[in-house]
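To keep things clear, I will list the structure first and then write my remarks on it.
Every chain is named by a letter (A, B, C and D) in the order it is written, and numbering of its residues begins at 1.
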Amino acid sequence: MIISRKRLAHIVFESEDAASKRFDVALLIAILGSVTITILDSVSSLHNAYGSVFYVLEWSFTILFTIEYFLRVWLSRRTMGYVLSFYGLVDLLAILPTYISFFVVNSHFLAVVRALRFLRVLRVLKLGRYLREAQVLTEALYNSRLKIQVFLGSVVTVVLVMGTVMFFIEGPESGFTSIPTAMYWAIVTLTTVGYGDISPATPLGQFMASLIMLLGYAIIAVPTGIVTSEINASQKRQLDQQRGCHTCNAKGHDEDAYHCKYCGTRL
Amino acid sequence: MIISRKRLAHIVFESEDAASKRFDVALLIAILGSVTITILDSVSSLHNAYGSVFYVLEWSFTILFTIEYFLRVWLSRRTMGYVLSFYGLVDLLAILPTYISFFVVNSHFLAVVRALRFLRVLRVLKLGRYLREAQVLTEALYNSRLKIQVFLGSVVTVVLVMGTVMFFIEGPESGFTSIPTAMYWAIVTLTTVGYGDISPATPLGQFMASLIMLLGYAIIAVPTGIVTSEINASQKRQLDQQRGCHTCNAKGHDEDAYHCKYCGTRL
Amino acid sequence: MIISRKRLAHIVFESEDAASKRFDVALLIAILGSVTITILDSVSSLHNAYGSVFYVLEWSFTILFTIEYFLRVWLSRRTMGYVLSFYGLVDLLAILPTYISFFVVNSHFLAVVRALRFLRVLRVLKLGRYLREAQVLTEALYNSRLKIQVFLGSVVTVVLVMGTVMFFIEGPESGFTSIPTAMYWAIVTLTTVGYGDISPATPLGQFMASLIMLLGYAIIAVPTGIVTSEINASQKRQLDQQRGCHTCNAKGHDEDAYHCKYCGTRL
Amino acid sequence: MIISRKRLAHIVFESEDAASKRFDVALLIAILGSVTITILDSVSSLHNAYGSVFYVLEWSFTILFTIEYFLRVWLSRRTMGYVLSFYGLVDLLAILPTYISFFVVNSHFLAVVRALRFLRVLRVLKLGRYLREAQVLTEALYNSRLKIQVFLGSVVTVVLVMGTVMFFIEGPESGFTSIPTAMYWAIVTLTTVGYGDISPATPLGQFMASLIMLLGYAIIAVPTGIVTSEINASQKRQLDQQRGCHTCNAKGHDEDAYHCKYCGTRL
């Protein structure tokens, strides 16, 4: 069976008819399967038992993704446009490590090979193509970038000042061995993660830590507030785009409205 | 005293008059009592001291629930409809384990018997009948399923990528023995639980962990935002149902509406 | 200087003129001082060094609060009304422990005496009189009691089911010694506190724990959503109570508005 | 090249033309560089290896900031106004420690010198000049100061009462050595940080701790609610400032307004 190049491009790039949907599902399964194998391969007991099976499967997936990559290169209207695009680079990154690890035979670079093997996990980024909703989130983040900057600036300042203060009060005995370590502790505390690998031992240190926790809680409430009001705003924007009254020009009518709620004109 | 089948069905299935309310309360007490006994029985000191009391009580509750089950089967208009419904299965699950554990006399299956004994805790699901408010929450969850999918997708991607990165930076010495373990650590960190059973020890690992915490805090703020705007929306919907139009009797007008949105009458 | 009973009642119960304000401030200082001493007395090194000073100060505060109590009893219009009121009981509770501990000379009741000594910390509740803003919060809690019930019901169910499941998967080796302990762990995890005194050790347990964390995060987002929408609603209620237009009856005008924003009538 | 005093004052105090922007950027780099060096100097391995390099760089930055300080003093219209202003004191604090540590040659004051060395980290406060957005946050905090007071009052009361209760139930064996320590634990738990350095060991203590966590979660949801509604309000205020009346030129009309709220003109 021979299919035209145009038909093939349609199957690869669109997702409307049955054939292209089947292509998308196959790709999705290949990505998830490949990532799962990389994860399982990192468990040493599984690596010892099924290492060779994983190796064969890994090469199968890599060859499949290689075919997909060259199909996309060949079928793109502007070849370099695809190759240099974000997903073009992600697609390349998804196949390169396996080939490089094959050519690095020198045992001195074993660590590199090992690292390359796990880089394959980044194939999960290929899934980004199917996450159209993510764009809304990205836009929301972009809209509130100024607030996020102020928030991050405040967090960094609090972390810096509090880290330095705790480095003095507690000192190396309680694990506050340097300002960077104390700053790491301050972030662990501010974000309420609280591992407990480093924790204040002196009464003054515990008092200061309590202040940081309460102060930090107020600061850390900010991202939630930002996200909530962004979601509210985007919902309102959707509502506003619905329908306008041609008499009084008012917007924001309910979906089931027959008359303008302000002037009574039939919509 | 003999009561008609219809009257009995009313007592069992409705909760309007005194008799059916008393039936509901008795069932509620039986469920809570039975679950409490299962919980207490799991404490080894209490099991050793009062094991036989628990055993007798457990059988009493089971016989009671068995009678309830057969009553419901007999009184249902469509017997199979009830047996195969969600609460029909829950009711069956609430009595089966005790009977099975009675017939498994072979000591090889002790673990199974023990497991069955604690399965009884699921009787708490029988309470679901009385939680009518829960439907609102379920609806809210259903309405925001798209946002929840994007959120969970982002969390899984961040957890996967960060888990792999930390598995490299820290390695087995700090407890990051495999990618799944590192992913477990990433979830513990992202959700700000922070047990501290696994925590980064190298400066680079601590720096990356700090980034994950701050990044994670932004991502994790999303469910709060979703829930808040859903609650706001549901409150607005309740408010909207209050005002009615005196011409067409329609409800659901906005607070600032002057005209009925269906017929245009001045409100 | 002799002052009338009426004047004294005014000083004790009101807080308008200079004398009654001075009475309030003196009482406030006495409460804070007394609570501070109780706290400091619990630190064994301070108790050993300054125990006798604390003892004298404690008796001074107690005598002061006793005088205040009998003043209030004498000056109240309805004596029993005050004695049996919430603050009447709190005021009694604030002086009783010290007297009882004085009469318990028998060394067998030392633990009781010690307990009574620290009960004095509850004197902080006397401060409630000055927290008029707290009423708004109490009202907000009352308004959302139905949502809080559903929320707590869901939390208890999740904690019960997940506690039982983890008790099976992990068992006593990882610290999950009984269902109550496992439920304690589930609450520590759901609320993202995460002490780490008990944490899952098996892969399956860590997977289940990850699910609980993500599930729990969604559930735990609910109180924030409830509180946020309650605050929004109370702010809106304040706004709505401001001014209405006498032509179109519309409310919600800004504080600085001269004309109705809907019909243009001069307000 | 000689430039007038007026021109210099413009470069130092304004940030409009190229020269003054370059001055700002140079100062920014100097601040960040100086703080970075102070942080790195606190890591003992880096201090041993590069201590002398840090010493030279530190003096260079100090001399630079000294020149900046005297420039500002000389160029200010009201000299004492600058010296006693917030940023005047911060600028002085940024140079003093290095000079004092130079004159303290007596080895008995080594701890003081060490402390002074790290005080330099506070130079980060000089950055405040560039954070104009922070004013919005400060204003939001000021607007909700009453709510924050009630919130902090509730937290302190809960922490005090719960700390005392847990001090009794658990006692010194589980780490609850005094009421202040128990209060530190209560804050660590309420803010969901949960280090795990102190955690309840008795069943009753674990039950009480569970109650505190759930209670605490409700209380701690309040700051998020406050921040969210403040952000919403400030966004609304920004939006309100957009639409203007073409008769009286007033701004700040609501989105749904038909008439100018000041002069009644149809918008």
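The criterion applied here is as follows: contacts are C-beta pairs under 8 Å (C-beta built on N, C-alpha and C of every residue); 3 or more make two chains touch, one makes a residue touch a chain.
Bear in mind that the values here come from a model prediction, so they are computed numbers and not experimental data.
Student: Tell me, please, which chain's centre (mean of its C-alpha atoms) is farthest from the centre of chain A?
Tutor: It is C.
Student: Copies chain B, chain C: same or different interface, half of numbers shared as the threshold?
Tutor: Different-residue interface.
Student: When the C-alpha atoms of chain A and chain C are each averaged to a single point, how far apart are the two points in Å?
Tutor: 41
Student: Starting from the mean Cα coordinates of chain A and chain D, work out the distance between those two points in Å.
Tutor: 29
Student: In chain D, which residues are in touch with two or more of the other chains?
Tutor: Chain D, residues with two or more chain partners: 180, 183, 192-196, 224, 226, 228, 232, 256, 258.
Student: List the residues on chain A that touch chain B in their complex, please.
Tutor: For chain A paired with chain B, touching residues are 35, 38-39, 42-44, 115, 118, 121-122, 124-125, 127, 131, 133-134, 136-137, 148, 152, 155, 180-181, 183-184, 187-188, 191-197, 220, 223-224, 226-228, 230-232, 235, 252-254, 256-266.
Student: Residues of chain A touching chain C in their complex?
Tutor: That would be residues 192-196, 224, 228 of chain A.
Student: State the interface residues of chain A toward chain D in the complex, per the touch definition above.
Tutor: 146-147, 149-150, 153-154, 157, 160-161, 164, 167-168, 177-180, 183, 189, 192-196, 199, 203, 206-207, 209-210, 213-214, 216-218, 221-222, 224-226, 228-229, 232-233, 248, 250, 252, 262
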